[in-house]
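Input: one structure, supplied below.
As written, the chain order gives the labels A, B, C and D, with residue 1 at the start of each chain.
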């Protein structure tokens, strides 16, 4: 019997070796596999090449992994954020290599890897310094640049629900990089809020069929969806608990005042 | 003295030019203001490149859902008729020419429609591009919304961009606090001015020749 | 207000001109936009280039369009079927040009057109006579062939449910070519069993978001899903009414005996 | 005289070599028989390239659903845990190397693993390829299930294919009515024979040298 559910998050990431290429899902906070990243921090692998849209926030998760000197190279589209000080420091001090890729080319290269396309032509970035010296070609009078597929050894993905066969559903815009990354890694590890019975997921609504998934690890409900039902007024946009709560009638809080918002300057 | 309008007024001016039924991506920052000025008789479908169509307005703080964010990583909402999809599908929509309009901020726009909006090229700055190059190349109509001048008075409409390019020759129009400009094969054409601003005044501000493209 | 629903199937296809490139969805019978094809037959356009996985069955639909001499060229992966006599005759008599494309390359070329990729490298078909003289290239020691995107002027697609915004859901394996074709045509026309209220479709389960759809035309329920609920024992695999009905306890019928099955010899 | 087994026995022999948990695409025709012979203690996930994973058995005639068909355009069924997806996703699964096994029919297989199974090259025949080239190039292990000889006695295991190729050098094994063969850098290795068939007998039938790859 197929059972991709692993007992613990430690076990899920145990075999990621030094020097591995690791895709990490998420766009900003949404879809970030927070528990898997924390487990990777504990696990100790270093010299990693990380493929992720952003380069971490604050002092946790991917930012912490960078702070600890475990990331040798970042392949991403938007490392600059208000609270990405650990990436900034490592980059400025030359402790970390950066490959900057426009977001659409990044995800299409990931999708190509998963779909067995070794390279494709794209219009994005033609004539910019990101593709200086790159191979270009005209089709129907427009210029395009040839870009290669982007593979990884491991993908760390945040799903919402999954079954033991590895069928995964996501929640809202947290879907973002999950489905393409799940196809592009040799080993795909998905954390989910809940593991459900086989047959409980609508077969018409499975963005990541089990064929792409190697391991599923349940991490419990998100703070804002206890028991699988969304509850407002509990967290801010970064998923952090509101300190003072909110009066739902007034709809105001001072909990996040003065904090770096993490919501600006991302492009 | 040329007449200057507020950012909200620029947003309203731009929103008035977007037709009913259009699919639109609003870049982060000032362009998001356009959503607040869509005329009430028009239905505009907003695309956010992190994976959603028919994005709604910002939620009140008591209804923030961290799983529903926009490209600026701010909380947003879904509406009846919204749909979610992954990043490859979302950027396929852009690259494949399915978006009718995108509205981007800009550092510079050249007379040939080049856009610079992702890097000032300053040494030591952290480079970051996100989806800007995809949007600037992918949408059917690329509109830029920006101030006409920098804070220290330099023109942002230029003959040739000094900053690193985001895209080459893809900008159709520029909506600014001093006027609306179209990129034409002959250079910038002025589509609209405010108050009693003359084209001659704008030419002096910018230091380049302009075409009169206003409706008579 | 956006309303992509058109009143009649005639109106839906009225502007397809002579010489148009038309994608027609479906794999075998499943997902074939039967009513749209019939409307195109009535409408009269000729000199068409048709892009579809198969080349029609029996004397109806695409086969009828070919019989009437309205198709100048077929781009497809599998024109040969037991009951594809009209294609066979037209092809043998040189009345119709054929571009034979392996199924995966066919759909990936369609997907590329919709996603703004002008050309890509594929492993499929390398070293076969379908790609003799084609441009090839090695990546990591394996050989690949460069293939171009495949666009169309119109796509005719069979959906299951849609709303006035053009959001479309499909049913089971009838999904097949619908989503990629919907992205690749200048004008996408979708026939559906039912038009539903905006908000009635689960936003997590919309394979074709409205941005890809220009026209929606309701054609009523399929025979085997009256009222939107599947009912067994009414039709055969080709969707044709069983002549004698079935004893559900025995599960046998003689209705299709002696007919060409249409279910073999498709690869 | 070499021992010949039935098509169902060949299917059972092949099914025994597919491990628990494998993702498998069975080509139309004889390979579909493999599904009926999966050992009961194994869970095998069947892929059908028209857009479904975890395909079930054929329905009884009273429960035919024309919207659930397999690649052979026959009625099939869904199981708990099935999923539906469109053609580009389905062929991405194949091309991207996610399928563990595919089992295809064949006209000829060469000693270098070339497969010919889509065209006899006869003048006047209607060419058709479907998904055969994608499967033959995409799956991790390409197994061919076929008779060893044509109806008129010609070998289908050959030094070099005469028919137009489906794929070059991708076949791993061939399961036939007279034995099981692996493609190796040195040519065909016999993995299994039936009854008291000798390798020498097979060499005479095929007219080519064979390697003994049987477990001692």
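The rule is simple: a contact is a pair of C-beta atoms (placed from the backbone, for glycine too) under 8 Å apart; a residue touches a chain by one contact, two chains touch by 3 or more.
Bear in mind that the values here come from a model prediction, so they are computed numbers and not experimental data.
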Those chains which touch chain C and also touch chain B: A
Winner on C-beta contact pairs when A-B is weighed against A-D: A-B
Chain A-chain B separation of Cα centroids, rounded to whole Å: 27
Geometric centre distance via CA averages, chain D-chain A, whole Å: 38
Distance from the mean Cα position of chain D to that of chain B, given in whole angstrom: 55
Touching two or more other chains - residues of chain A: 108, 111, 115-117, 122-123, 170-172, 204
Touching two or more other chains - residues of chain D: 78, 84-85, 88, 91-92, 94-95, 138
Chain contact graph, described as a line, ring, star, complete graph or other shape: other
Pairs of chains, among all present, that meet the touch criterion: A-B, A-C, A-D, B-C, C-D
Contact set on chain B toward chain C in their complex: 20-21, 23, 43, 45, 47, 53-54, 78, 80-85, 88, 91-99, 138
Residue numbers on chain C that touch chain B, as the complex places them: 1-2, 111, 113-117, 163, 165, 167, 183, 197-199, 201, 203-204, 206, 209-212
Touching residues on chain A, where the partner in the complex is chain C: 108, 112, 115-123, 139-140, 142, 144, 148, 169-172, 202, 204-205
Residues of chain B that touch chain A when the two form their complex: 27-29, 48-52, 59-69, 71-75, 78, 84-88, 91-92, 94-95, 118, 124-134, 137-138, 164-168
Touching residues on chain A, where the partner in the complex is chain B: 27-31, 77-80, 84, 87-88, 91-92, 98, 100-105, 107-108, 110-111, 122-130, 170-180, 207, 222, 224-225, 230, 232-233, 235-239, 246-248, 250-253, 262-264, 266-267
